[in-house]
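Given below, in the form of structure tokens, are the structures.
Next come two complexes built around chain A: one with chain B, the other with chain C.
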Partner chain A sequence: MTALPDEQFLLLNALWLRKMATRGTMEENAGLSAAAAESCLRSAADHQLVRVMGDYYVLTDSGRRAVLDHYDSEFASLRGDPELLAWYERFEGYNARFLELMSAWQTEADEAKERTYARLARIVERHVEALAGAARWIPRYSHYAARFERSLEHVDSGRSDYVSSPMVDSLHNIWFEFHEDLLAVLGRPRESLED
Partner chain B sequence: MDSSKLVYSFGEADPSDVALFGGKGSGLAQLVEGGYPVPPGFIITTAACREFMQAGSLPTALDSHLERYVEALEEVTFASFRATEELAEGAAPLLVSVRSGAPVSMPGMMDTVLNLGINPRRALALAAASGSPHFAAEVMIRFHRMYAEIVLDADGDEVAERGSEFVADSCAARSEAVSFDGLWSAMADAEIADVGAAVPEDPMEQLRGAVAAVFGSWNTRRAATYRRVNGISDSLGTAVVVQAMVFGNLGSPSGSGVAFTRNPTTGEPGLYGEYLEGGQGEEVVAGTRTPEPLEEAARRLPELFGDFERMALQLEQQRRDVLDLEFTVERGRLYLLQVRSAKRTPNASVRIAADLLAEGMASPLAALRGVTPEQIRDVERPRFAPAALADAKASGRLLVRGIAASLGHAHGAAVLDPDRAEAVAGGGQNVILLRETTSPFDLHGMIASTGIVTARGGATSHAAVVARALGRPAVVGCADLDIDSEGHTFTVGSRRFAEGTGLSVDGGTGDVFEGIVPLTQPASSSTGLGDLLRIAREAAEGCRILGLCTTPDQAAQTLARGADGIGIRLIDLLVASGAIKLLTDELSAQRHRDRVDLSRLDSVLAELLIPVFEAAGGVPTVVRALDLIDGDAGEFLDLESLLVPQPGVGLPVGLDELLRFQMAALAHAAGRIRDMPPPHFVVRHIADPRELAALKQVAELAQQGRGALDVGALVSTPLGVEKAAELAQCSRVLWLDAHRLMVSSSGYPAGVFTSAEPLDEYMRKGRLAEDPRLGQDTWQQRIFASLGSVRAGVPDCQIGVRIGRAQSPELLGAYYRAGARIFILEPEDLWVAIVELGKAALQQACDVEVPAAATAV
Partner chain C sequence: MTVIAEGMNVFETSKQPSGTVHYLADPQSVIALIDSGKLRDHILLVRGGTTTFLAPALTMGAIGVITMSGAPESHLGILSREFQTPCVMTAHLTGGSGSRYVPGETDDSHFEEIVEALNGKNVKLDCSDHDVGKVVLLD
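Up next, the complex of A and B:
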């Protein structure tokens, strides 16, 4: 089990979470500069950790292993931390409500939808506040907060596709990625290498 | 009006003063004025909100006003809100609802606090009056949840959970009565733990807190952004509506219900609804108890429901729209709690619009505005043919049932892997994607498929959320389904199926059928849409609407769907028939000739056109020339490889023979159809009148001894837009390719515009101020300005426009206003286009009748 260099992990993790992403998406989701992303990608390609498909990148099997190994080596010490576990329990509570409200929002008509969105946005805002607390264990989590806030702003400006569309960095997309990330930190990724 | 007066009873308020009383408040004032029974209450004005925003706290004068109006409310309801002493035996306490109501409806505002005024002592009185301590506990929990969330900014769900746990524990301990003190402090503890403050016990303090929270919510981030984006002034402010709560479970006869003035699912006329004897409104909504149909309740209480029906239908007449009414009966007295425009299914929406028009309740414009493009598309959406579906059920082809996750019907070949799904769909086959679960890794496969089925996961799973967002029918959590993606098989029980097996998915019921259940498109006449299409056609009678087609079948269908004519792209015809290869071979083989001769192909192309023209029966026809410059045939016509033998193909009128051959074939085919008006032959990239003149010369040659045709420029470049008026000088019709113009303004490859990414990401990063896809950008305005000069300078020249699938339906109306009267569309867009053009024509007629000064605000 070896750890990847920090920026390398950020980039590959962004790809691991998105599964298939353009360079721009990785850059943004990892919070890296174009130059840093470029050099990480080049080194990842040299080590055969990523594969190019047109404009998109995907992880190779060794790329996925490298990401999961990194989680194991970097975060193993946190996995027994009762405070982090309590934080996680609280998140699971939010998660259940978030998904319930998300589905309700998708299936409801206008007026009810608006009310549901207000509650959904409230949960995201609370989660954003909670992320500030989690940043003491995992500083990069503050970047999720920034992504959530940007998407909330988009929805407020009338772009309702930023609620659940898989084609943009929607609240549901970010939430899903964060959940995967957190599960991997805790050593319970939904996707294992045997999949 | 007294400007220092900050509070008005519903009876005092002027219903027309929406700016002062907000939408909700003036709606209630209007009901009171019309003599309709609503629970009494009062409105705190937007002026008070403005004072609040300036001072940062409630106006000092408001306190005494509130006292006065609460006292008046106590008097008319014979109930107490403020009293600190014990309530009289059997008396129910006065509780109120507090709601926001801005002059303009907008999101992000504080919603509602119900049951305000409850506290442990008053809960006891409510328990006694209702005979149900459990009900009183529920009232208290609901109040805490809303107040905690909205006023205290605490986690309301968490608070309510604590409350429910406390009640459950009390029940488990078989205690005789719930301790309201205990319940209150359990929830207050949760609030203090979360935000360091708890709900106050004093009703007046609760009221002031809620009013301040409503005012404060005017400036939430969401509300502020919405106002900024929609150009609503920050200084409007919101009003607050305070209204007595009525309860459907106090005494007898009491109850609650909801009613629609027409069936919201089918649109069928007649009062439709449900009533729950002895129940509260939220129980009806939540479905925790089963209500009875309104007709049954009316048999028991004929007088009361007779009154109600009269009121409901009278209100529908006044508002000229289908209404959704919430009502409560408290001790034999009927109260209207909510009257609003009813939500309806797309089918109902269409039927209602047609019925309101027929009944004279809606003008043609109002009727057409009653349906949106999305609703028309939904009504048109293919469904399982009813007989075939019944047969699939009867013959035991129901394979598996899961959770209905995303509405709609679809069929296709089962594919068990996203990459293979993309490949199979790319080959033109419908695909049903079958997965254990989905993750972002499946996205490309989900996009490529027409339906999605998963073995695991619920209504909130990744598959369900993404399928809904993509608009794909989906069934999730089919527990009996076993998928072996590697082995390319799936099993249900003991039966094993190979990948590629046909499946049909009903995302509305959760049924997955073995085999293909055919889909049909409902006829316009079956839904009332026919009537709307008819008046839209009448309104837009000056318009000609053409549908694109390639085959004779498509031509017939296009006309059956109401098109006035057809549009054909020659490239589609050549590619579909394989004749494109003959053309490229000829062009390559004749590289050394001085004069290229394609006359051998004249009859080949003519033979392809004739069956389509025959099926169309001589309707107006527009034919687009082959466009090698944009390489619109992609792999079939490679400009680069043709440029070497035939450099002229790189220019719009650069190889006369290529154009002559197309026009000769067209003229020949058209000449074979009796009474067919001369077809229009249009060429992209033409921007100079000289090019057009040259094209006409070639056309004369091509027409010799054959039928006649009309040639024109299909403006597709910025230069063409600049020279539109000059081109119009020598054209009967000036044609525009709106989709191509969008693409060529930026010069990005056309593929960029066919999917959301990468432009979405580009917009997100703020690299463009205007999204070129929305048709509201500087460039689009430039196009409209140029059309303005065409109309001014060459009024006889008609304007025709081709609008693409990816473009917004609003663009149709915009081009209509810019003077376009001929529209070429995909056949799927015809009904939407007819309705949108009808709206635009009627709107323009209204605008002409109303002098400009009258519309100034």
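Up next, the complex of A and C:
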């Protein structure tokens, strides 16, 4: 188990969470400057941790392994923390409700969507508040809060694609990536929890 | 019309994608299929409803998905609605041993039986019903 340099982890983790991403998406989701992302990507390509598919990047097997090893190396000491585990259990409760409301929002007639979105936004807002507490364990989680707040603002200004579209930094994308991140911190990555 | 498997329909659609079922076991097999340029020739079969490694295939234009576990409210269900990719979840065989997926209580033989029965078959997805999605054998 070896840890990656911090910025390298942020970049590769952004790609691991998104599965397939442009350089711009990785920069934004990792919170890195263009120069830092460029340098990390060059190094990752030299070490065959990423590969290019058209406009997108994907992780190689070695890249996936490097990301998961980093989680094991950096976060193993947190995995027995009862307060973090309790925080996670509360998140799972919110998660079930979030997914249910998101699915409803996608399939409802327009007149019902507004009410469902209001409930969805309340869950996201509560989660943003909870993230402030989780940042004491994992400071980079404050970046998820900033992304959620930005997407809530986009929806408020009429961009409904920021609710669930996979093509923008939507509430669903951010929520999913956070969930995946948290599971990996706890040593339970989905790739080993396929059911 | 022979229905060889059915499961929960993620969203109602008149689309009826057809192709050869291709079982995807891991992230590498997803990337290999995209690389082959034949992604659109296949209906994709995966084990879990949380199979997040399928996201690149949906992004690149997958035509249809069958899962062997998971619910329409899952991440994959939400993504398949966004991409309007017909998706049948927690599919079970209409023949065979009659095995059904039960979370936490289903062993590998259940999944192996479905892969054995569907992989390589030429099928069409019928997702026109609100609740039930069907896998129809074409030849």
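Please note the rule applied: the second predicted complex is superposed on the first by the 191 of 195 C-alpha atoms of A that agree within 3 Å, B and C clash if a C-alpha of one lies under 4 Å from a C-alpha of the other, contacts with A are read in each partner's own complex, and residues count from 1 in each chain.
Convention: a residue touches a chain if its C-beta (ideal position, glycine included) is under 8 Å from a C-beta of that chain, and two chains touch if they have at least 3 such contacts.
All values reported here derive from a predicted model rather than from experimental measurement.
Partners chain B and chain C, brought together by superposition on chain A, clash. After overlaying the two complexes on the shared chain, residue contacts for A:R140 are found with neither chain B nor chain C. Once chain A of one complex is fitted onto chain A of the other, the partner contacts of A:H47 are absent, as it touches neither chain B nor chain C.
In the superposition on chain A, contact of A:D61 is made with chain C only, not with chain B. The larger set of touched chain A residues comes from B, when the choice is between chain B and chain C. Once chain A of one complex is fitted onto chain A of the other, the partner contacts of A:K19 extend to both chain B and chain C.
Of the two partner chains, both chain B and chain C are touched by A:E100.
Of the two partner chains placed by the overlay, chain B and chain C both lie in contact with A:H172.
Of the residues of chain A, those at positions 18-20, 99-100, 102-103, 106-107, 164-166, 172, 176, 190-191 touch chain B in one of the two structures and chain C in the other.
Contact residues on chain A toward chain B in their complex (touch as defined above): 17-20, 22, 24-25, 28, 55, 93, 97, 99-100, 102-103, 106-107, 109-111, 114-115, 117-118, 121-122, 126, 150, 152-154, 156-158, 161, 164-170, 172-173, 176-177, 190-191. Within the complex formed with chain C, the chain A residues making contact are 18-20, 53, 56, 58-59, 61, 64, 99-100, 102-103, 106-107, 164-166, 172, 176, 180, 190-191, 193-195.
For chain B in complex with chain A, the residues that touch the partner chain are 107-108, 111, 149, 155, 157-158, 221-222, 225-226, 229-230, 340, 343, 439-441, 443-444, 446, 459-460, 462, 464-466, 468-470, 755-758, 760-761, 764-765.
Of all the residues in chain C, the ones that touch chain A in their complex are 11, 27-28, 31, 34-35, 47-48, 50-53, 55-56, 58-59, 69-70, 72-75, 77-79, 81-83, 103-104, 106.
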